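Submitted below is the structure of interest, expressed as structure tokens.
For clarity, chains are labelled A, B, C and D in written order, and residue numbers in each chain start from 1.
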Amino acid sequence: MLLQTHEKESGKPRNFVDKNVLSLKDVKKHFEGLKAVDGVDMTLNETEILGLIGPNGAGKTTLLNVISGLLMPNEGEIVFRGMNITSLPAFKRAKLGIARTFQIAKPFGLLTVEENILVGLGCKLHGSISSLFQNCRKKEILQKAREIINLIGLYGYKDQLTSSLPIGLLRKLEIGRALATYPSLLLLDEPAAGLNNQERNELSELVRKIREKGIPIILIEHTMSFVMNLSDRIVVLHRGRKIAEGSPSDVANDPLVIEVYLGRKGGKHAS
Amino acid sequence: MLLNLQDVEIAYGRIKVLWGISLCVGEGEIVSLVGANGAGKSTLIKGIMGIVPLRKGCINFLGHDISKKHPWERAKMGIAYIPEGGRVFPDLTVEDNLKLIASLCKNELNVRKRLDMIYSLFPVLRERLNQKAGTLSGGERQMLAIGRALMSKPKLLLVDEVSMGLMPKLVSSVFETLKALKDSGISMLLTEQNVSEALAISDRGYVLENGRITLSGNSEELLENEQVKTSFLGI
Amino acid sequence: MLQILVDAIVLGCSYALMAVGLNMVYGLLRIIHVAHAALYTLGAYVGLYCLYHFSSSLWLSLIFGAIFSALIGTLMYRIIYNPVLTAPRYVPLIAGAGVFIASQEIFRLLAGPYPYPFNASFKFLSLTHSHLRITETQMLIITFMIGAFLCLYLVINNTNLGMMWRACTQDMELAASSGINVNLIIAVNFMIGSALAGSAGVLMALYRNSVFPTMGAMVSYKAFVVVVLGGFGSIPGAAIAGILLAVAESLLGMVPLFNLPREAIAFLVMVLVLMFKPKGLFGR
Amino acid sequence: MTFGYILSICTFASIYAILILGLNILTGYTKQVSLGHAAFFAIGAYTQALLVTKAGLTFWSALPLSIALSMTIGVIMGLPSLRVSDDFLVLTTIGLNFIVMGITEYFDFFGGAMGIIGITMPTLWGRPLSTSGYFAITALFLMLALCVSYLFSRTWGRLAMEATGEDEEAAQSLGINTALYKIYAFALSSTFTGLAGVLWAHSIGSVFPRNFSFEMSVLFLSMLVFGGLGTIRGAIFGAFFLYLLPECFRFIENYRMLVYGALLTMIVILQPNGMLGRGGLLDRCFSKLTKKKAENQGIL
């Protein structure tokens, strides 16, 4: 029941040619001369975890912002489940089923854990006039919220204000809040940053569980062991461009990637 | 020991970033601090400079405990900071950027001498004296940032991600410069993502992972170490 | 006509002197310093006290007004703004508004609600032409404002202190780590801005020949408008916009249809500018 | 203190409480700080005054019209919030306060500086209400406002507004159209405030521009911030406490604005969540008590 992938509302038949969940075509995003994302082509398949890695300033988070709609690309096209979403604002993309977490956790600090989840559950309703009158604390809604809180293992903290939670729980909360929107694509931006080993293991358990529910995930991460273990496929970005793509072991042995990460003394970088 | 950190802990608000960091930098030594993004390298550098307050622990510099001192007091004791990404004062001219530091020390003659030294080190800067620093290219800005730090005649240089966003050719020349500076007797603590390049010029290194020091040792040892490779690529 | 223009410019000088302090604080700390208005009134009252109790010299009361305002202004930063620098941006603004409202009451309680006359004797240039009359006071105000801005300009662009100040406005962290005593620069910044506000208070008290608890209100609200028009953090912008606003107000006041109260026009302009050019007309 | 005096004080306190409940939706939920709420208050009061004195409507027939107009103008005045935020929005609301004051002061239509006088007490079943009758009506409206606020605090709308106020990016990524909710907040807030204005106009019997000055706006915000942003209990507590404080202790009366100003500054620096707000001073005391209970239950 829980975490079914969300059926497309528009009812349009899915484009047959496009079997991918998400495809980016030559996406570019520039900030005053700085090419943060410089022509990235990328696709994401059904039930796949795609790891997105790259050194500092490679444009990973920018790319995620472009996909989730917080930034509009300067050029290129983004197609989500057969639908061109390039110019849709972020809240409409969220309603279509693109959910995300943030690198710097952004909980709603003055709301309790349960209320944070409820905000996510209301995703489809938000914006309509009727949302101003509808009770969000009906039994069945609270029940759904409780299921998600149990899934992320925060039940003991249900009624706490999130501003008082430690970082490890905030990351889980963010994931839970994103799951509450019943996403059909989940974007995770450095979920393991700042976590200790045990927390990280719990987190990767959670990510696996989500994948088993059939939700495709794009994962940005710096902790290599974490991303290498989880991902089915990895895309490496460097200075806004894609420099490698493939299975974790392929990418780890790619000379170009090693060079970018470890550097080579006196060597020439390919760019 | 020039610089000695004991059990340093740093947190942003409620979020802890660094746990029990102890490290030291000796006279005339280059020590590098390597680790993945988000490991807390920059935070540690800022903590040593005094821009970020410590939660716990103490910092010893030249035998004085400086952990309660303001950043400008630390600067006057001889610590200089080269921030990430060539941060300079964009609306001041190149010359003003350099002179600003000089204005803090008294001797006018010394200022001239040091300016000449920096111009000979970075001839490009002499050509752009009256240009606003914000109009410089990334590499030139990085040189200016190094030049600025050298103006105060520091005993210890804190270098944060000097290679980030630089052309590969520039990266090696910047590292050459750092090496030359070391030979003139300046100690350095540098953070790098570019592991092998950093370890190649440094004497010792520390590996920082998720806010903790997991490995330390001589540069050669670290370069050979399998664990370094795994913690960066996770093979 | 020319006479109206001169009167407007004098008024504009007071706006500009107030706005420059606001702008200096905004440029450095990104705080909208509402309590600045209190310093204007404070300056006027201190000047008045000086006049009644020490000597009838205007110069002395001007100096005392400025010094007192400078001290209190710096104190305000330490007590009110320093603890909330990292709080959400509206917090210092609300705190400042509270101080401002409270200060009006303090003046009322200490000195009474009634306006006092401000009779100071001094000698200065004046100009009388067939249609145009610039009184000594007007002349003084205009000279003071030009002098103050010239000094400020020279200090900022040609001295070490000015250079450090500019460095701090651009990157506070970097400035601190290059050895600049940031606390000192902030204190000096508040001192200069507050001293200008205090002296503006004394001068306008002289011009209007009255001192009363709420005298600061209108001028300082106008100073917000000036800051918005001139661009946040821009000092020459404050000077130009201050005078422009006063002139525009006077001229529009003569058109029958636009005979709205001055502050309504000013704030209407401010809201429109904020909406369409959020950084201000001359803002960077 | 006579009984009539106490009644009239309670009437005013209730009116302020309704207003602060409205301000709470705007400033407490969406974190759009308004230092010009007296303007919204003025619109309700002036509309009612005009409708009653000039158009000859009764209290009851004018009430819905005034509230509807307050809401409409509230939405229009909320439009700048789509372009400016944070402290710039605060400046804008201060500006709106002065614009509204200027307009009412200048145009003869609004009675100019002399204001509008002769607003009679509402009638019920053909007879004008007494002071106590009017208090009953006000108290009834306060109850209504409380109920609506409470019900609203349980809706999706309030959640979305709080999310918007806390973090716009995160809110948008959860499907919330933040711009729309900012305007909703203005609409709801000005409805409450308009109602308060209407009640106020009748209880005083006249409206003057100076009744809606910037100082009043500061008072309103002090009440809310003192009680606690974003909570109904805080809004009610702040309004009653700060209004009754000078009324009960007459020696404070002289220092009223001083107390308000100083309290506002101190609270916002030392207790940004207010006395009764979430995580506020009194709230923590209460939750300590309740937490002990909860732990005991856990053991059992």
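Basically, contacts are C-beta pairs under 8 Å (C-beta built on N, C-alpha and C of every residue); 3 or more make two chains touch, one makes a residue touch a chain.
Quick caveat, the model's predicted, so the values are computed rather than measured.
The chains that touch chain C as well as chain D do not exist here; no chain meets both.
Traced through touching neighbours, the fewest hops from chain B to chain D number 2.
Taking the CA centroid of chain D as reference, the farthest chain centroid is that of B. The interface with the greater number of C-beta contacts, when B-C is set against A-D, is A-D.
Inter-chain spacing, taken between the CA centroids of chain A and chain C, is 50 Å.
Centres computed as Cα averages put chain B at a distance of 42 Å from chain C.
Centroids built from CA atoms put chain D at 40 Å from chain A.
With each centre defined as the average position of its C-alpha atoms, the distance from chain A to chain B rounds to 34 Å.
For chain A, residues that reach two or more other chains under the stated contact definition are 164.
Applying the touch criterion to all chain pairs gives A-B, A-D, B-C, C-D. Residues 151-152, 154-157, 159-160, 162-163, 166-167, 169-178, 180-181, 184, 188, 230, 273, 278-279 of chain D are the ones that touch chain A when the two sit in their complex.
Put simply, chain A touches chain B in their complex at residues 55-57, 164, 166-167, 190, 193-196, 222-229, 249, 252-253, 257-258, 261-269, 271. Put simply, chain B touches chain C in their complex at residues 49-51, 70-72, 74-76, 80-81, 83, 87-92, 96, 99-101, 103-104, 148, 152.
By the touch criterion stated above, chain B contacts chain A in their complex at residues 14-17, 36-39, 161, 163-165, 168, 171-172, 193-198, 200, 210-211, 229-235. Contact residues on chain A toward chain D in their complex (touch as defined above): 68-70, 89-92, 94-95, 99-100, 102, 106-111, 115, 118-120, 122-127, 131-137, 161, 163-164, 177-178, 181.
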